[in-house]
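Next come two complexes built around subunit A: one with subunit B, the other with subunit C.
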Partner chain A sequence: MALAWELDKQKVPLWVNALISEFEVIAPVRMHGEEVFTLVSDGSQVALDYVNTLASPKEFFLPQFETMFSFTTGRGDFDIEVPPGEEKSGVIFGIRPCDVNALLILDKVFSGDQKDNYYLGRRDRNALVALGCNQPSARCFCGSVGGGPSLLEGFDVLLTELGASYLVETASARGRQLIDKAPDLFRKASGASKREKRRLVERAKRLATKPIDPLEIAGKMEALFDNSKWVELGKRCLQCGGCTYLCPTCWCFDVVDRVENGNGERLRCWDCCLLCGFTRMAGNLNPRESTEARIKQRFYHKWDYFVQRFGTLQCVGCGRCTETALCHIDWKKVFDWVTSEK
Partner chain B sequence: MRIEKVLTTCVYCGTGCGLYLCVDHGRVVGIAPSRSHPVSQGRLCLKGWNAHQFVHHPQRLKNPLIKRDGVFAEATWDESLDLVAKRLSEIKERHGSDSLAVLSSAKCTNEENFVMMKFARAVLVTNNVDHCARLCHASTVAGLVRAFGSGAMTNSITDIRDANVILLIGSNTTEQHPVIAAEILRAVDNGSKLVIIDPRMIQLSKFAEMQLRLTPGTDVALINGLMSVIIEEKLQNSAFIQERVEGFDELRANLRRYTPEYVEQVTGVLANDLRAAARLYAKADRATVLYCMGITQHSTGTDNVLDCANLAMLCGHVGREGTGVNPLRGQQNVQGACDMGALPDFYTGYQRVADETSRPKFEQAWNTKLPVKAGLTVVEMMNEAAEGKIKGMYIMGENPMLSDPDLNHVKKALERLDFLVVQDIFLSETAELADVVLPACSFAEKDGTFTNTERRVQRVRRAIGPVGTSRSDWEIVCDVASRMGYKMSYDSTETIMEEIAALTPIYGGIHYDRLDDFGLQWPCPSRDHPGTKYLHKGAFTRGKGHFHPVEYVPPAEVTDAQYPFILTTGRMYYQFHTRTMTGRSEALNREAPVGYVEINPTDAEKLNIRPGVRVKVSSRRGQIIANAVVTETVPPKTIFIPFHYREAAANLLTNPVLDPAAKIPEYKVCAASLERSD
Partner chain C sequence: MKNWYVPYPAIIKAIKEETYDTKTFSLAIQNGKHQPEFQYRSGQFVEVSLLGYGESPISVASAPSETGYLELCVRRVGKVTEALHQLSEKDVVGIRGPFGNGFPLKEIRGKNLVFVAGGLGLAPLRSLINTVFAHREDFGRLTLLYGARTPNDLLFRDEFAVWGNADNAEVLVTVDVGSRDWGGNVGVVTTLFAKTKISAQNAVALVCGPPIMFRFVIQELLKLGFSEEAIILTLERHMKCGIGKCGHCNLGAKYVCLDGPVFSYKELRSLPGAL
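This part shows the complex of A and B:
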């Protein structure tokens, strides 16, 4: 059972300041009329009254462009230097349930047989202070895919907005330590507050789209494999990459070497399955030559193949793909089309 | 990761999308779109998403280079700047100011362009200053200034949503302006009709009501044909014409011979398709013309632009939301570089050098006598350099060794110079020919403003420190100026903008404190002016709009037995201009690493060309080898080559013939031959 406190809203900056003294704190900050996750230097910068950011905090675990190691060549051998990890531990403050659930999906991928120490190192070093979702937006379909709005696991601390205060629950020793940085700010949660939280969670669930079994979704996808809808969608794709780059559950990356005068860097950068080069092989042969084949791959990977492999969808229903894509493909509508399949 | 985010403006095309640079320990490690940005609205194209990749590329120039005995060696800033100042001063002294020429840059900020054009005029004392707008939209400026009084996109990008009919001419929008293409797609989704005029099939063709696939170079005949149908069927907006436009009788008289049947013979577009397109455009409540280099890059480019303006005025489709004549500008600050007077005949804000009231104003502000004689344009500079009349050049952030027509000629010209200084972020093909190379900061390392295609002046923000010892272009130019004896010094780019605002009526209200979020659209004449979403409301900038009757003239070079193919050149999605940046962005370059030539299947079959084989393309000026792409995208007897690639440089083939008014070369049409090279 999680431990619970209450924190008055106006004390949030004080708590964040206490955290900043020991951690790198990443939180949503309002700039230029929108909220973005960024490093904060003062608690007053943190803006928790937001729906969700356009970019998820994925980049703090899997950066878009990352030096894996540097090397020098010559005399037939290599000297390799792996960059040191960050010195300070971090706190991702105010992350939404869908984005926590997205990290749990990435965990499955990066902690399989091949451990990705870059990603896992950052997961270890960063605590998650999640912010419960009381009001899913019109774009979200988290309820149907298990991405939210409730959050049951994966967080160190969970905040739930209760009017003038937050209910603060911890789920780990690390979470408890974050409270202990400024214990005087918190008071023990009352029974009424806990009941209010349960009421808000139930209400959010009712507002969200209704849950559907992942296996049922995967089954419907299989029935639709030869549907002409995919051709229609493929025709629209402008290959902007936005749907994959902004997707909190897309992890594909490319690995490139940059070598100049015997000094080299091995880098990895986000990749995108909508691009022709993603699957192009020697001799220009390509199993997914058409945009139709590629966009279909993305839908099937998310809503079918991943289910077969891991038992969950590779989608948290955040709707960022719909918001950012140049092609104006509405993933929620496609999802509704799939799930309405008899 | 301790990523911090800094809002700036994308460095690629003229759309001017807002994006955040994600900075970790002084390195740009990613990009995030800006949701609140009025143009991009949370969207980016693949180039924008990867605009960080070249910033820390190991080939970035980190120190000045001086060439000695044909080999570059790193040098100190002091030594290099002294040498540049000394050599430019010597040439000026010995051969006169007009033996020097400057290429400013559509890739640099407004402030840098302003400083560079001031340097040319006040320090070198020549109007020989131009930039690559000459090669893309010079005909737009020449044409629209004559027709309307203002040479810029009349409306705003989001206005496209309000148009009932979109006439898209010579723009492969999904590849060159993807975020604008997204607006077109949205409009079509909401019921707008899209009419495309283009010889090539493009992705948007699938969403078009109809496409008129004209023979390259027959645009005037086609547009005259549209207008002739409109007048024949009395679909013109007579009230608008009577109230707001002059010269209708002359226009009408000129159109008589452009019957749909005659136009079909010239353009290859069926008479009935022409009629249908004319009706759609004319009958729409709000119709917009969007055009790009398919219109401008012809020896008749100015006529093509004038005809677009004629068409819009004929139907009253200008001066309202969702209408207008809208050139899509190519580089992220090509609009701004023009606005800043990096042009041989204009100061800032299109104030003419020849105008006896403009020049004294600048002379007084700069406390020096300014040259009167109009300067040379890009291609003219190369011609005079080849003839030995231009002795020294200062090229900032441009790469004519890949972007200008007839590269063999350009190479001869640059090699003949007594002195060439190139300022860039990478050692470009042009920089390789320089005597001195000065390393400049990239967009991530400097402050300033860019002006996008819809006239929006937006901030560029420094997110990281300079790479190596590189410096902002304006700082370098100021230092050279001061060493040449004319003190130029500003404490920030904001101070430069204050000088711009004081001298430039359309930028009069542009101040940094007003640009914090997403900028202002000029004209913005005063501090309290909100900026201008669309031009020519109620009246044209020049008062009455002016119809300019234009006649169809064939391209300068037509096909013959020796060169039986029409070669048309252009750009593609994954690369940008001469690839100095995208060629060093792995995510982009992987998609299209090598040059190619598009060939229609019927031609490929006749010549026994299979997809992927190497083919030789020749013109009267040169030849290249490239991979064959066999595709219905191009019509028979027409081939297309993207100009980005050094190894298969389309501009070795192109014809340097110029539009007489705008001096833009005819990149879109020349005659070529094609054969297998194995």
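This part shows the complex of A and C:
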């Protein structure tokens, strides 16, 4: 059951400082004119007046590079050491609803019968203090795909901006514990504040809802598989990988060994299905040799294959792919095209 | 909680040179706390680790009935396999797995089996062939059609006679390009279909080879009257994790490492980019 308080904006740094005393707090900080999720050492660093970060906080659950284990490389050696998980719990502070929903999508991938301890360990250790969106940007379409602009699940604490204060709601015992770190800062939320939140969420939802119907798109995908439009999009793709790295729901990784002075590490690092080597096999055989096949893979995986396997879209409507694409592939235009096909 | 990414040690017990670029490694799993007993099915694969070089997915070439060791037939083509080829007996490698579904033994029981292999594709099929010979009464006629590039590329050649001379079994071999002392068939593997009598009646075809071979073999089998369900293929993909996480072997809604690598043609037909 959600409980609600109000927190004055100027008290946010005090709350963050109370959290820092016990947790590693990761929050958006303004750097060179851009907000970036990073470890903060003082509440005054936190910048909550942002639209969305260019990179989601995905890297705090699935780091760009991660040591899965270390080893020595002497002949006959087989000593493997798995790094101990971080002991300190963390708080991801100010994460947007789309990025929370993206984590719920990644959870499906990394749990299941073969659990991924690395990812799931970080999910367990890190609480989420989410920040609802009142002003989605032109690039956002979370309202169309259920990615935002607010949340009903997946958070420990949900903040919604109400002028000079935040409405603070909890959905978990862990969320309640975060409030209890500095209970004096919070006051019980009034009925008027809760009503104001509902109004703001409805308004934001209208702004973040674009003429994109996921069911219609998912339903039309199969028939469009051999359409020449994919050839055109494939030609435009520069294979920079930016869209997959910034996508909060892309998780594909490569596994490589790195050795220095006889000490080795097995690393996993982000990989990208748009890169030519992604599916290359022994003997240089490549089942997805063309950029057309690869751009189709990315689109179909998110809007068709993932839906078939996990029962949900693999897209939260954050619009980062379009924002970053050097080739100006605008996914909203691709959706328009799919929708316009009979 | 089990860490699926950590390999456990296996000792190389024997190395057999199959060809100039391919060796069969016989490994004994060192029992560790995570792997008290290594059990696998024909058609499954393992991830072979060479610490410092990386990992490669390799299908198991031995049959589960051969206990105490595990055979991997490995061609020297990349970083890990090149390093593996430098190893000697008693050296240690890492193993994760077994992964994947394996061949549908229940479904093929009692059937006539037509194996079609191209090149290294014989390795996973050999596991099943040896399983069939270990339980001979459970299966009907066994036919193996095997093609390699040249006579020097033929794998497991000392076993052809053992298989071919057994009751109710036949082995046909061909090479794309012959040599002076090669007296056998020359031509791609599909040319072998005309050299023996294959009936689709109560039969299942089991196919493994390069993608181009799949396309032509499937056509031949369909012409012979095999149903789409009776054509069983095992796919190669560069699986990095083996547990459906890394994304490299994704095919439509399936992961080759979890849902495969063995699929019927009926299943594969609907998976984009599978063949």
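Just so we're on the same page, the second predicted complex is superposed on the first by the 324 of 342 C-alpha atoms of A that agree within 3 Å, B and C clash if a C-alpha of one lies under 4 Å from a C-alpha of the other, contacts with A are read in each partner's own complex, and residues count from 1 in each chain.
Here, contacts are C-beta pairs under 8 Å (C-beta built on N, C-alpha and C of every residue); 3 or more make two chains touch, one makes a residue touch a chain.
The model shown is predicted, which means the values in this text are computed figures rather than measured ones.
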{"item": "Fit or clash between subunit C and subunit B when superposed on subunit A", "value": "fit"}
{"item": "Touching partner for A:R288 - first (subunit B), second (subunit C), both, neither", "value": "second"}
{"item": "Subunit B versus subunit C as contact partner of A:R96, first or second or both or neither", "value": "neither"}
{"item": "Partner chain(s) touched by A:G112 [first = subunit B, second = subunit C, both, neither]", "value": "second"}
{"item": "Contacts of A:K58 with subunit B and subunit C, given as first, second, both or neither", "value": "neither"}
{"item": "First (subunit B), second (subunit C), both or neither touched by A:D271", "value": "both"}
{"item": "Which of subunit B and subunit C A:K220 touches, first, second, both or neither", "value": "neither"}
{"item": "Cα-centre angle that subunit B and subunit C span when viewed from subunit A, reported as a multiple of 10 degrees", "value": "80"}
{"item": "Partner chain(s) touched by A:G242 [first = subunit B, second = subunit C, both, neither]", "value": "first"}
{"item": "Subunit B versus subunit C as contact partner of A:G33, first or second or both or neither", "value": "first"}
{"item": "Partner chain in contact with A:D254 - subunit B first, subunit C second, else both or neither", "value": "both"}
{"item": "Superposition-derived minimum Cα distance between subunit C and subunit B (Å)", "value": "10"}
{"item": "Touching both subunit B and subunit C, residues of subunit A", "value": "254, 256, 259, 271"}
{"item": "Footprint of subunit C on subunit A - complex, ascending", "value": "68-69, 71, 73, 75-78, 80, 82, 109-110, 112, 114-118, 120, 225, 251-257, 259, 264, 266, 268, 271, 273, 278-283, 285, 287-288, 293, 296-297, 300-301, 305-306, 308-309"}
{"item": "Touching residues on subunit A, where the partner in the complex is subunit B", "value": "24, 26, 31-34, 36-39, 54-55, 59-61, 63-66, 86, 88, 90, 122, 235-236, 238-242, 245-246, 254, 256, 258-261, 263, 265, 267, 269-272, 275-277, 284, 323-328"}
{"item": "Subunit A-facing residues of subunit B, complex", "value": "1-5, 7, 18, 20, 22, 24, 28-36, 42-46, 49-50, 52-53, 57-59, 174, 178-179, 181-182, 185-186, 189, 203, 206, 516-518, 573, 586-587, 590-591, 612"}
{"item": "Of all residues in subunit C, those that touch subunit A in their complex", "value": "1-7, 9, 49, 51-56, 75, 77-78, 81, 91-92, 94, 210-211, 236-238, 240-241, 243-248, 250, 252-254, 272-273"}
